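In the two complexes that follow, chain A is the common piece, with chain B as its partner first and chain C second.
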Partner chain A sequence: MQDSNIQLNRTDHSQSEPVIIRQRRKWLGAIASYLLLTVLALLFVAPIVFMIIGSLKPDSLVLTEAGTFKAFLPGQISFQNYRDVFERVDFARFFFNSLFITSMIVLAGLLVNSLAGYAFARLRWRGRSGVLLLVIALMIIPFEAIAVPLFFQVTLLGWRNTYIAQILPFVANAFSIYLFYTFFIDLPKELEEAARVDGASTLRTFFEIIVPVAKPVFATVAILTFLTQWGSFLWPLMVTLDEQVRPLPVAISSFQTLPPIQWGDIMSFGVMMVAPILIVFLLFQKWFVEGVASTGTKG
Partner chain B sequence: MASVSFQDVYKVYPNGYSAIKKLCLDIQDGEFLVFVGPSGCGKSTALRMLAGLEDISAGKLLIGDRVVNDQTPQERNIAMVFQNYALYPHMTVRQNLEFPLRMIKLSPKQRQARIAEAAEKLGLAQLLDRKPKQLSGGQRQRVAMGRAIVRDPAVFLMDEPLSNLDAKMRSQIRTEIAELQDRMGTTTVYVTHDQVEAMTMGDRVAVMRGGELQQLATPQDLYDSPANVFVAGFIGSPAMNIFPTQLRKTALGLLMLDVGDQRLAIDPAAISRYSTLANYLDQPLLAGLRPEAFSVADANPPPDSCLQVEVKALEALGHEMIIYAQAPVGMIQAEEAAGAESDLNTSTLVARLAANRNIHAHTPLALAVDVSKLYLFTTDYQAIG
Partner chain C sequence: MPQTPRLKDDTQIALGMAAPALIGLFLFVLLPFALAVVLSFTNLRLGSPLPTQFLGLEQYRRIWLDPSFRHALLNNSLFAIVVVPVQTALALGLALLLNRPLRGMALFRTLFFMPVVFPMALVAVIWTIIYAPGANGMMNAFLGFVSFGGWTAKDFLNDPVWALPAIMLLSMWQGVGFQMVIILAGLQAIPTSLYEAAAIDGSNQWNQFRYITLPQLRNTLIFVMLVTTILCFRLFDQVQIMTQGGPNDATTTVMYEAVKASFEQQKMAKGAAMTVVFFLVVLAITVLQRVLVKEEKAIE
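Let's turn to the complex of A and B:
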């Protein structure tokens, strides 16, 4: 009897040990992953914090404190850099140019690319699969590869130093078409069939039934296009000649080429340039996440 | 309201697949016609061709006296209820009902009057400002019905509209649809794979198989006089027991039906409806007995009046029981008659009996057979005339 008790106690003891070890391992794993995530988050956030703090410091301190931890501490706050930007360049003009060009690309892009995506997903026409394959293949061609031929084309058309040269080449976008296509192909066909039976034309069905249902993918494409185009630098630099049509990224580069180089001014310019992106993202964040989830797109 | 006529209609897809083969069918004005059949039989394709959602490869399709082959769905003046309802998710119930009315350019006042009328008929008045996702399955189904009736179309088309509902709701809405159709008198074409829906709702039922119309008849005629083995096996639940046999005349002039190594005496009066039966004596035949044709035999039954079987399993349903017994002969399934491989056990005889506590699994049982309920078919699966 006693023997069996001893046996029982031993068994209990040996079973309880792995549970504790398992729990400890689980905790350690959680702590390690949180630490890693925190470090990564700090790495990503650091440049933005550096830029915001730097924009509020006197110009002389931005460079001298750049290599130290002080770069992330506000110290004495001054808005002088922001005043300098407005005095040195016509910021409002650049801002308007960027906003106008980007908004036009986004709006026209939503219309053109969604209609193209819908035509690929739903309409039956000769050569559809071949053209779709071509569109998918176009996604892998970097803009830099076509920049020069495109430049000649724009010059030939007499569009240099115009808004249209900065808008038109970017309206139709293979990636956006593909995003719309993947979303529309998964929509239940019965919705469109119901609208057809109810007497709606293809276009009316698209605008009254499909577009409202496809809000998440419209938001995703709008944000992705806005982010890409807002920061566009190479093409505007190639086709613009003066401040009248130049967007923000080209303007900020002039601070580095025009002496004296004032890092505080560059930081404050950067803050004012990034702010709209953050606002757009925060406004459409919910739809963006939904859109990314539903289109299977990452980033 | 309008009649509908399929005249030698074919549907062949670009890959060569024939979904509908030479469909000839007339639907009367105000009739409730049900297409029924297994998956892939062409019933939904026929409905979608009528709706204008599928092209017609050959033949003529008439609504009233108009050939509608090349007309758009709107020009055909039809309304359709889809299997998944296809309600517009971003619109309220009111807007869903209003959409088809806007398309036919009714004035706002007329639209609101029609919506109020449809909502009244279907009990939707309290739900008009809700969106589809805020409704239960049954309510969504009613809204889909509402969107169909609000236009006052010539023909209603319904594509398995109850298949997403639970059994109780299905039974309730089934009755509601039948009542509504009766009240409105609108020609209705209804597609289902559920034979209970087909039998309870349709004025006539069109049984389809492999793109071909097997039989078009009233529900009772389908049950009483199936045109072939497929219809016999498809209509009725549990399905008819169909087995190969021979009908022989003994030296004494009695008719005997072989059931494997057993036999059943047949009273000639019971099968006098088969006028050409004399041609089939001593020939291979197929015989059909519905589960309802069996009963528990008396203690001392007359010779050759019952089948001796062993009960393999039983389902007691309270008021009755379904017996699955080892059949004395291999059974033929309706799927086999349709040329498909059947993976069902083909040596099982099914009988529907009155509840009986003395019947147990794995015990022998004598089943009396009501031979007046015997069906006879040729070996190429057609009913004997």
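Let's turn to the complex of A and C:
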């Protein structure tokens, strides 16, 4: 047994060890894992806690306590920073803009991309495989690669500083189509057969038979689209000119440099900006995690 | 399956269903993409009275000679060289820890994943505060604490040496949970029978990791590394918010230069040329991934 790899066999003995030693080792292993995970988790959440606690503190204290452990302790709680944000900028407007733009993209995207995914997966038509290949090829193009010419296009169309420029280009999405396609293609054929025999139209079959069983893929696409669009920064930075149509990410970047610079206010802005997604995330965690994991297995 | 008569041809209805998405992709992906290539061969400037001319590869020559753009390419590459292996290793480590059959792992998974839902603009703003100069800044204080006072306070974002690593750190903080979740799914897809067989053979944990986990995870790891590499070349938000490419181009990136050229200076053609270079990099990385995955399939 103890032949060539002597330096490797430290744990090889586990087979022959008494049960008590093995259990103790398991215990120690678990404690070590928990310790390591706890230290890492504390480091991970520190910036988030710093932001939340800072948003509840008088501005001067945020500055002076940032370098001490008090940065993570609330002390006396005040909502003054939150009131300040609403007084200094039109936060409600930014929030509405983000919510409106993002929901329009998500809703229209779900409709348009699921229909296309269905057409690719379940219908026979000429040119199907060729067009599908093209759509898959388009997945390689990151948005950044087309931002500049798209900006040129939008300028020519006179769409700068509009909602439409922030919504329409992002509705059709090759990756969403692909996710729908891979989901629909695995559904059993019998699903539609009965409906077709009854003479139901393709569209009705889709909405009444397919959509109800496809909730997981709709949830995945909705979450991934929402996450990307809620955080979108480069594009609205280029196309928005004033606060009327400006979404939160661009708004916080200009709020950050708006004099007088007050850290507490900036943190309140941040908390209000991320709170909706954080709540949705904590409620629908399973969907988030599965959605993200599916990009790995499908990509 | 020719027995069902309805299957013969759905061309009309299918085109009707796919049309909205296909038209959208054509107008807002394919067309601008083609436009990027075309524009990059011209001298187009928004609002310029001069007529647009065909210049061939002139813009590419110009950006190649532009020291800021060279810096940008270098910074993106540096960013990828550091962030991709470190972040992947960290994500793999976290996934391995979380994959153990212990209680409370779901809670830790939630905590590590949480930064992923934070918009990058917000992350950049918060970390700008964390990187505040002087001994009272949070990062300076933390480093002073763990080094028992051996750390001299830095102005991270205005220091040519520290600015880029500072951006790397927050990018990893925000991104590692994404990778971790994908790797965790990959780990859970490995058949347990492989480990049982190895345990019966008396194989130790390191050997199980080396000869079962890593090979089984190969495609997952290649995928997350590809995605992260591309993300490294897309780097923009953090730079725009935290450093504006400075100090002295120490943190400028390809996208930052492309946006600066086309948006601030209205030099559409120059920006388009940078965009095309950016795309070629992304394409090369993607092709590399395909080759690596195929190779493995051929071996099997």
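One rule holds for everything that comes next: the second predicted complex is superposed on the first by the 258 of 299 C-alpha atoms of A that agree within 3 Å, B and C clash if a C-alpha of one lies under 4 Å from a C-alpha of the other, contacts with A are read in each partner's own complex, and residues count from 1 in each chain.
Definition applied: a residue touches a chain if its C-beta (ideal position, glycine included) is under 8 Å from a C-beta of that chain, and two chains touch if they have at least 3 such contacts.
It should be emphasised that the depicted structure is a prediction, and the values quoted were computed from it without experimental measurement.
In the overlay built on the shared chain, the residue A:188 is in contact with chain B alone; chain C does not reach it.
In the superposition on chain A, contact of A:64 is made with chain C only, not with chain B.
By the touch criterion stated above, A:196 is placed in contact with chain B and with chain C alike. Look at A:212: by the touch rule set out above, it reaches chain B but stays clear of chain C.
Touch counts on chain A: comparing chain C and chain B, the chain ahead is C. Contacts of A:89 after superposition: neither chain B nor chain C is touched.
In the superposition on chain A, contact of A:120 is made with chain C only, not with chain B. In the overlay built on the shared chain, the residue A:266 is in contact with chain C alone; chain B does not reach it. In the superposition on chain A, contact of A:289 is made with chain C only, not with chain B. Legend: residue contacts after superposition of the two complexes on their common chain; A:144 is shown touching chain C, with no touch to chain B.
Overlap of the chain B and chain C contact sets on chain A: residues 193, 196. Chain contact summary for the complex, chain C toward chain A: residues 1, 4, 6-11, 13-15, 17-18, 20-25, 27-33, 35-36, 39, 44, 46, 94, 97-98, 100, 102, 104, 108-130, 132, 135-138, 140-141, 173, 178, 181-186, 189, 202, 204-207, 220, 223-224, 227, 230, 234, 236-237, 240-241, 255, 258-259, 262-263, 268, 271-272, 274-276, 278-279, 282-283, 286. The part of chain B that touches chain A in the complex is made up of residues 51-53, 72-74, 78-80, 82-84, 86-90, 99-100, 103-104, 147, 151.
Residues 188, 190-191, 193-200, 204, 208-209, 212-213 of chain A are the ones touching chain B in the complex.
Considering their complex, residues 1, 8-12, 14-15, 30, 33-34, 36-37, 40-41, 44-45, 47-48, 50-51, 54, 63-64, 66-68, 71, 112-113, 115-116, 118-120, 123-126, 128, 131, 135, 138, 140-142, 144-153, 155, 168-172, 174, 177, 189, 193, 196, 201-203, 206, 227, 230-231, 233-234, 237-238, 248-250, 252-253, 256, 263, 266-267, 270, 273-274, 277-278, 281-282, 285, 288-289, 292-293, 295-297, 299 of chain A touch chain C.
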